[in-house]
Amino acid sequence: MRYITAGESHGPQLTTIIEGVPSNLPFSVEKINAQLERRQKGHGRGRRMQIEKDQVKVLSGVRHGYTTGAPITLVVENNDWKHWQGIMSAEPVEDGEQRRRVSRPRPGHADLNGAIKYHQRDMRNILERSSARETTMRVAVGAVGRLLLEAFGITVAGQVLQIGEVKAERVELPIAEHIARTEESPVRCLDKQAEVLMMQAIDKAKEDGDSLGGLVEVRVEGVPIGLGSHVQWDRKLDGKLAQAVMSIQAFKGVEIGIGFEAAGRPGSQVHDAITWSKEEGYRRESNRAGGIEGGMTNGMPIIVRGVMKPIPTLYKPLMSVDIDTKEAFSASIERSDSCAVPAASVVAEAVVAWEIAQAMCEKFPSDSLDDMLENVRQYREYTERF
Amino acid sequence: MRYITAGESHGPQLTTIIEGVPSNLPFSVEKINAQLERRQKGHGRGRRMQIEKDQVKVLSGVRHGYTTGAPITLVVENNDWKHWQGIMSAEPVEDGEQRRRVSRPRPGHADLNGAIKYHQRDMRNILERSSARETTMRVAVGAVGRLLLEAFGITVAGQVLQIGEVKAERVELPIAEHIARTEESPVRCLDKQAEVLMMQAIDKAKEDGDSLGGLVEVRVEGVPIGLGSHVQWDRKLDGKLAQAVMSIQAFKGVEIGIGFEAAGRPGSQVHDAITWSKEEGYRRESNRAGGIEGGMTNGMPIIVRGVMKPIPTLYKPLMSVDIDTKEAFSASIERSDSCAVPAASVVAEAVVAWEIAQAMCEKFPSDSLDDMLENVRQYREYTERF
Amino acid sequence: MRYITAGESHGPQLTTIIEGVPSNLPFSVEKINAQLERRQKGHGRGRRMQIEKDQVKVLSGVRHGYTTGAPITLVVENNDWKHWQGIMSAEPVEDGEQRRRVSRPRPGHADLNGAIKYHQRDMRNILERSSARETTMRVAVGAVGRLLLEAFGITVAGQVLQIGEVKAERVELPIAEHIARTEESPVRCLDKQAEVLMMQAIDKAKEDGDSLGGLVEVRVEGVPIGLGSHVQWDRKLDGKLAQAVMSIQAFKGVEIGIGFEAAGRPGSQVHDAITWSKEEGYRRESNRAGGIEGGMTNGMPIIVRGVMKPIPTLYKPLMSVDIDTKEAFSASIERSDSCAVPAASVVAEAVVAWEIAQAMCEKFPSDSLDDMLENVRQYREYTERF
Amino acid sequence: MRYITAGESHGPQLTTIIEGVPSNLPFSVEKINAQLERRQKGHGRGRRMQIEKDQVKVLSGVRHGYTTGAPITLVVENNDWKHWQGIMSAEPVEDGEQRRRVSRPRPGHADLNGAIKYHQRDMRNILERSSARETTMRVAVGAVGRLLLEAFGITVAGQVLQIGEVKAERVELPIAEHIARTEESPVRCLDKQAEVLMMQAIDKAKEDGDSLGGLVEVRVEGVPIGLGSHVQWDRKLDGKLAQAVMSIQAFKGVEIGIGFEAAGRPGSQVHDAITWSKEEGYRRESNRAGGIEGGMTNGMPIIVRGVMKPIPTLYKPLMSVDIDTKEAFSASIERSDSCAVPAASVVAEAVVAWEIAQAMCEKFPSDSLDDMLENVRQYREYTERF
């Protein structure tokens, strides 16, 4: 499977083409829209989330409720587009319109680097594409990955572990309950006390004209043993997960299992003892590895965390420089959220779901769901007997 | 550029083919060997490092001291191979030899997952390839990347920030001095006091039959603005760096700039103000972004950190299960190091160097160093004028 | 650069996302539409060509008449869609609709192979995607490639050399005149006498309920020396051109330069003598190689020919088998053209244009047209001095 | 699966790394060497074929006669290397050696294009890599592909159909007999009369100081239905085969099934009627499509032909230009064959075998031969029942 996304933040639409999805997969537009809706919720989102109620259109690759094996085109229209038609027009325009050129790069954004790289004096040509609005499509793509995982009883769940200085206590729940609880939480947090504090911190940041980042975790249960591979660096599943998570807008770090804690622990407290029972086959007594050893899944839940920096668009601005006048200025304000960490948790789920779905398609015959289901069933039996 | 590595830990040799290196690059075998030697040093390495004095052979793609544009073959022979010829033979063998089958998977290794994935009852067929011995070739590949970076005045430096519970104080030095100091340190640490404590901790772990992980940092100075891209998730440089680092054996996390600290800071203390001066062009007042904004370099030093778990091969073993008898056992001991963090620092430098070199070749015309040097020079001038 | 196309023949639209096009390329919707129109013309096209007047919508990656470096989304709507909404709906449908299932595979189509591969009992799920309607998007993509080539003075021209048994005499013209003449010819043929005979042959085939294939040639002038590479099999430009042309629906062969004639000639009449003059630099006295030696361009015009089989949809049907009843039947008739060779010539131009544009972007710095123009200019100077 | 080859014609060795070969494949060095030997035979080969008796060394990825899933390193040493050590040394050399610089490009070779592209004034740096010596590794890689195909009862056979002006009559034989007969023929031709004439033509060309090209055909029997795909241009199997064959040194054309003949025939004589029987399932009454419809296999034998131009190294030289003096000269003679078409037939088999093996690995679960065998068996049963 592969996909490309396209579209600008204030352009007519976002588009993705997804290639290589198995045929005969039940394709639910409602489930994809439900994921898009999850991305738009969360305490701390700004006004735009109300303007844009994202809905996907399926324009190829699906017929009568099932995938056909052909490439899938998904589109999410930008409702706001009507107000931006002139500014964002693909057609040549008269000079007047051009005056609204963006010459002031915002710190923490792609603006200046992109402008230099792509020879743009109007940084709107950069920021429209670098915007986190693009994560809408990554959520849509991930939702397709989830449809596939669902068929194999693989579940993906996210949670927010930290917002600003507020850290949640770790709460271990069966995954269904875990999901139910985070869905009810305005900050996708399992720790009820932290939830309240997180919301307060967000409100406070908003008042202060500041923004908050945080820590999110994704958990995947039900994966077969042996996704990914140890044989070549670019086939290791942990490497792919790291790329997927780090490539989310505003993410600055990623870790698997105990992650950075591993630096400080002795080896005897890092690895997971292997056990075996007739009923369950091989298991690990603990899951410090986060479900991945040697670049491959070991059958335990996959645990990936990512850190999101505070949204760089600031009400409390940093200094920057106008590229035309070279004069310093206080970085301009665009309408924005004060905290997007709950949404980022949904995006992280999506990119992880996609990578696991992709790894499933690489390991198993994936032209058609029929073949794939049967082959995975046989492999799971074999795994238990191994 | 692209590369594949091959070879088993106790096979005859490790091999890599590197494709797409610009022609006319001065190719110094000595410099590559120097990198291989750096990987083998460090307080805490075991006996094997003395057995194998790694030396590279250049078997294609280089002539009379310069690359030709043709694929480069590098080989490092395993000196130990003479003792393993029967066990590791490619040829069919008599039953007797087969008795030495490995049926006992080690916790924290690829052994069991790989055996299941690849249908192997002899886990030697997995562990020989999943071994960190493979990092030898990644260092060699990275050394080729460094030769290229050198031509553009780009410098890569590593350091160890933590081993076990011992954390170094951050020391900021000019990069040449930084390199000189870490080269002299048996644990590649800039903080002299921490250095002593780290060595003690390693010795203690060894006595206890335990092992230690740690934290390493790579710094790259002199990169042009605009490597990587914001336009598509899989072209973002931070994502590629994350994959490269996470795919190093035993690495469990990666972060860029202030990384995980970004979760707890308000936005006003996360982003880097933009300045401009006639002499230097655009700069950032701070470098919390670690040199990457919007998936692209911003011209500031690239800062990447990775965490290595303690070496899973343990003198103080964990429980595991024999795959033949299904009986529990105390995981077997293979000769090993008690701490490989200083070496891991060299490996991390190598994979980062490669990614930056690769990004350079993508941005600039890279058939020949001649073209590339001239184009980079022009681009840097343009950047200053922008 | 890379692209994916999507869309079904009777679905709502065809879509493509094109990634990696240099920024600041003047982007003319008119020129793309002109190419789409060329594909729809030609003696022998059926009724559908009148129904669907293809027009492209640009939905991302272009602003105010120039590319921005961001991915470009192009859409061509199927005007016919309104009559197919139920049959082609992505939504689950009631049983009634399902009755129109296609259970009768047409010889010479993907129908049966695709149905087996993708586990489809309704072959509409295959034929909608395998349809040559998809070439619309390849022409659109190729038109973007042409915009780029134009900026470098590279010209692409096609012609029809044979339709059915009618072969054209070879006519050598300056490329501008060549283009003008083929644009005026209803069969895109330079030989006026053959033109008449071709049209007669097409009319005759139509009367007979039969169809005709033919031979097309694409010529590219103005390419720099050294596109492609000899160093690795998958980087050879001739190999890429061969894949591009052979992957056009209904194409069964591809040749470069004198192509299959090379089998029968002695070496002394196959290769092209090298000359040099102060004014022009290196040239070849002849162009039997078709502009490519050693997998690279040599600066002479690129000459690629492809053969198209007669359209498999037949008024004069072949026998086939119903997959439900296993009964033999005379293959069903879908509305169709009797000869699509003139259109195929336009498609072949498009895929060749794309490959050359792609090869340009690989050889030269392609983030921005500004950089690329300057670098190509310098390279051409260097080439003349070599 | 993927592979890269490396190595110069007169360097120490040729190397390839092959990635993604299923584990547990019986790996026979003898069978690979047998293929290498086939490449070296044939009426018309020059002296070098006697110097270099190619033998493969297996340096990774295989243990005790079976693949392990790890990357496979294959090496063929150049026996001639001892005489070329100074000229081809990777080490910097004294000026004296440099005098043997090649400044005279041969027509029909990569020499001049490559020298310009890669900024080389010594064209040895190009010709050493562009040499057809590289096909040795493609045969080795193809031989690994054949080992895999063999496990599934898929057979690959080649033949020579034309050498110079001598064309063979088409002889249809059961594939085992076909193979036996071509193995006995010094020109790999099934038509005994043509065989004699071909040998005479080769001898005559040699006397005349000229060289001959020809036409080769590869036939693959036993392939499952549905390899390749119709859904995206770059996944079509015919496109991949075309790239593979066209990328062979000196090949100028490729066709599938009736290929270029399709231009002249009416549709009713081009497509293959579909039949069905309880015993065999779906078949085609004829095989004009050459086993591929809609970019996918249809279960009939795959038929691919390629044309090889006469070897460009000429005893009867063409004019060229010295790049230093710009003086015209009569192109220099390197030791060479007068006809390499029989060998080219073996190379064509190899690249086709690889593409089919690769397509098998894409369609079926290919981590381990065990899984793959079982899944292919089930798929074939399903195919018969469809």
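Read from first to last, the chains carry the letters A, B, C and D; within each, the first residue is number 1.
In this text, a residue touches a chain if its C-beta (ideal position, glycine included) is under 8 Å from a C-beta of that chain, and two chains touch if they have at least 3 such contacts.
These numbers come from a predicted model, not from an experiment.
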Exercise for the section: Quickly list, by label, the chains bordering both chain A and chain B. Expected result: C, D
Practice task
Going by C-alpha centroids, which chain is farthest from chain B? Tell me that one.
Solution key: C
Fill in the blank from the handout: Distance between the CA centroids of chain A and chain C (whole Å) is 37
Handout entry: Distance between the centres, which are taken as Cα means, of chain D and chain C, whole angstrom
Key = 27
Practice task
Starting from the mean Cα coordinates of chain A and chain D, work out the distance between those two points in Å.
Solution key: 44
Handout entry: Contacts with two or more other chains, residues of chain D listed in rising order
Key = 4-5, 19, 69-71, 114, 117-118, 126, 129, 226, 229, 231-232, 363, 367, 371
Handout entry: Sites on chain A touched by chain D in the complex
Key = 19, 69-71, 226, 229, 231-232, 363-365, 367, 371, 374-375, 378-379
Fill in the blank from the handout: Per the touch rule above, chain D residues touching chain B in the complex are 2, 4-8, 11-17, 19, 23-24, 27, 29, 58-65, 68-73, 88-93, 97-98, 114, 117-120, 124-126, 128-129, 367-371
Fill in the blank from the handout: The residues of chain C that touch chain D in their complex are 4-5, 105, 107-118, 126, 129-130, 134, 138, 162-165, 205, 208, 210-215, 225-226, 229-234, 236, 238-248, 251-260, 262-268, 270-276, 282, 284-285, 289-290, 293-299, 307-312, 314, 316, 318-321, 323, 326, 328, 351, 363, 383, 386
